[in-house]
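Starting off with a structure, shown below.
Chain lettering (A, B and C) follows the sequence in which the chains are written, and residue indices restart at 1 in each chain.
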Amino acid sequence: MRKYIEFARVQMQVHAAYSAWFWANTFSILLRMLVIYFFWKAVYSSRTEIEGLPFEGMITYIIIAMFLQMFVSGVGQELAHTIKDGNVAIELMRPYNLITRLVAMDLGDKVIHFVRGALPLSILAFIFMDITLPSTWQSGLLFLFSAFMGIWIGTFFDLLIAILAFWTINLWGLQVMKEAVISFFSGALVPLILFPEWFQTISLFLPFQAMVYVPVAIYTGILTGTEAWLALGSQIFWVVSLFVLLRILWSIAIKKVTIFGG
Amino acid sequence: MIVVKNLEKHYKIAKRDPGLRGAIKSLFHRKFETKKAVKKINMHIKAGEMVGYIGANGAGKSTTIKMLTGILTPTSGEVKVNGIIPYENRQQNASHIGAVFGQRTQLFWDIPVRESYELLKHIYEIPQAQYEETLKEFVDVLHLEPLLGIPVRQLSLGQKMRCELAAAFLHRPKVVYLDEPTIGLDVAVKVRIRAFIKQMNARYGTTVLLTTHDMQDIEEICQRIIIIDDGSVIYDGSIQDIKSQFGDKRVIHFELEDAADSFVLPETISEVTEVLPRSDEDPHLVSLSFSNKNISGAEVIHTMMNHYSVADLTIADAKIETIVEEIYGRGMKKEVQHEEIH
Amino acid sequence: MLSRYTKLYYLFCKQNLKVMLEYRMDFLLGVLSVMLQQFAGIFFVKIVFDHIHALNGWTFYEILFIYGIAATGRSIHHIFFDNLWTLGWQYIRPGKFDRLLIRPINPLFHFIADRLQQDGFGQLFIGIIVIGTAMPHLGISWGILEFFILVVMIIASGFIFVAINLFFATLSFWMVDSLPIVWTIFNLSDFARYPLTIYHKGIRHFLTWIVPYGFTAFYPAAYFIKGSGFERLALLTPVVAIFSCIIAYWFWNRGLKAFTSTGS
């Protein structure tokens, strides 16, 4: 355990060192927030509500979803590159579990991202962009728990996709594809209630809505009461199943390395 | 062919205090350290000459070659290659030079070697007939046939270097710069490469400037060597000359029974011999350098045996290697000078 | 001279295509994923327009048209000039840039021709489909002239993308890798997907006269949209493209000079 904590800590320091990327990220997020703000302002210029959501509710949903989406990916890229350049064989000989190590590093990443990036930026958003607080303190608490689950689902899913690098070469394509699918189905771009019925039904059976939509919908009061508890249940289901799937796929992949030499 | 006058290159290295404070401070007030990599060097290389350019790591060899190829602009001084100032007319210069830089590939990474050559044919506008003839010749001498269909990234180091070399000579350049072309290669490949370079020079009169740490390369290929140390040329002359000039130099390596930490020269020979800098790898090794005009080798060995228990010894004769070893040894003792400018 | 470079470019392309075909699965995956990514953006607009009729006076098809021009223009950059992203970390830092400097051809040409990015074709397909879908709904009749102008506008849009990326990639000559800056500036092009009229005036002027992403999609599209009020400004698009390219190339040469004198 100790060594994994150490990995997380080192990762935080690594991040602190790359200040150029930090500023690039911060600035890009600010730009995105501006685009979002003006776009929705224009959408609401001739109406007061869409599907029961007023402007404040909508912008709150979109901004919180945007922040949450930044946390639902993981160290997949890292893993995929390790696989691709053949270093995975070396990594497997080291005295730690590669996946656990990567997840620990990812955690370090996320903490530092949250503290240095998401937190100050969301405070800015609260002050300047009509973002509202959760309707009740219960839904606030529930949101925290649900967001936590959503982040794990995203992390596991990311690693699952990365393992596919054992069988393909175009990592960049894989990454883009994954991101496109997530923005589609997770409700990161717009609340799922705006989608057509059939689309909502499909996404109900996919893990993506559990990454972003569920937590943010709880925050903004789109999901309340029994609905919210049911959604939380589905999140727990996804965390467990993705974890098991990850284990299985990883052991198959390792066999491929040890038997066929990668 | 190559004329260099008072050539200098100073690198500016930005200094930064560590941490965030240092980063912020450096925004407003940058400190630079100047590194004089090449200091007022002069050389004159005639067409068709093959010159060995040698010196310890960091002596300034690559920096010089970069200026000769036009990749780097000198701080001051003059360079003319074939009447052209390389850094001012880089593209014009490029069409009659070839170069190999150590382990960095000049070829196209993902495509088969043959296709790389095809592209180079067009880039250098080589006439088809000449291209075919040259390629055939190279394939024979360097044994490239089995490699032509393989992408560069899949070649071993030795295979890659053979292909590199062919690429550098493909357009029959007037001058070829070879910066450590034999580094990391096995003896068989080295022999092949040397033969190839000599053949190119004999057939096309190609001027060659070669840097290497392998003195065998130099002895076999070059008629002349230029030695650079800490940015200055300290020797320029034929191998023959250096041998007769330093021909009386001898070095004897003594392997002592005990660690040589407390070694002091026996008094009787301390006037006429010198201890070369010790290597960290072998704590038992002591190397003595002397001129056999002043003292005979037998006497040195005798004296040493009287004072220390010697396990083994080797006598290095006046090979170029010995001489260079001696010259480097002295150079390393000099202190590297830095100047600080704000 | 020109014909020599055309020939060389053709040969470089041929090699790149061969490599691409060697990895057919990757080619398909790349194209498909970019198409999916573009499609996500369009789908978003569609969802929003299911609930509204117009965005600040712009109809769904008009927005689609802007989007299509942006995607097509960007695909020119993505397919042919994608190597610009790699100047710092793949060329300068590992010392690979030196290779380009000892060849008797223009180093920028060599650098650009070194890579053809297959994935950009996905963007091109989607862009063309989107433009094709939106065209009949804009209320103008499409003749030869209109088509010609459209093609010119798209090419100009592509070259504005190129010029902006080239300009900021050039910073790598001084700072080893300017990728974070290039990336941030590139993100500004997100603004260009929607009509500039929805933004604050300051943003609009910035995207028109400082970093001219406005000319990569909105202005050229506005030329074909009746009563948009930007028809005159739209005609400047090719001029802006040429001008940006000249500035970027001039800056590149400055950078090259700095690089050959510091050598790092």
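The rule is simple: contacts are C-beta pairs under 8 Å (C-beta built on N, C-alpha and C of every residue); 3 or more make two chains touch, one makes a residue touch a chain.
By chain, with names taken from UniProt: A = ABC-2 family transporter protein; B = ATP-binding cassette domain-containing protein.
Treat the numbers as computed from the prediction; the structure is a model and nothing was measured.
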Inset, instruction - Count the C-beta pairs in contact for every pair of chains, then give the pair with the highest total. - result: A-C
Legend entry - Most central chain, Cα average position: C
Legend entry - Averaged-CA centre spacing for the pair chain C and chain A, given as whole angstrom: 29
Inset, instruction - Quick one: report the Å distance separating chain A from chain B, using the average Cα coordinate of each chain. - result: 53
Legend entry - CA centroid of chain B to CA centroid of chain C, Å: 45
Inset, instruction - Would you pick out the residues of chain B that each touch at least 2 other chains? - result: none
Inset, instruction - Going by the contact rule at the top, pick out the chain C residues touching chain A in the complex. - result: 23, 25-27, 29-30, 32-34, 36-37, 39-40, 43-44, 47-48, 50-52, 54-56, 119, 180-181, 183-184, 187-188, 190-191, 194, 198-200, 203
Legend entry - Residue ranges of chain A in contact with chain C within the complex: 20-21, 23-24, 27-28, 31-32, 34-35, 38-39, 41-43, 45-47, 50-51, 168-170, 172-177, 179-181, 183-184, 189-190, 194-196
Legend entry - For the chain B and chain C complex, residues of the former touching the latter: 9, 11-12, 63, 66, 69-73, 87, 90-92, 94-95, 97, 99, 101, 104-106, 108, 110-111, 115, 118-119, 122-125
Legend entry - Of all residues in chain C, those that touch chain B in their complex: 4, 7-8, 11-12, 15, 18-19, 94-96, 98-99, 101-106, 114, 257, 260-264
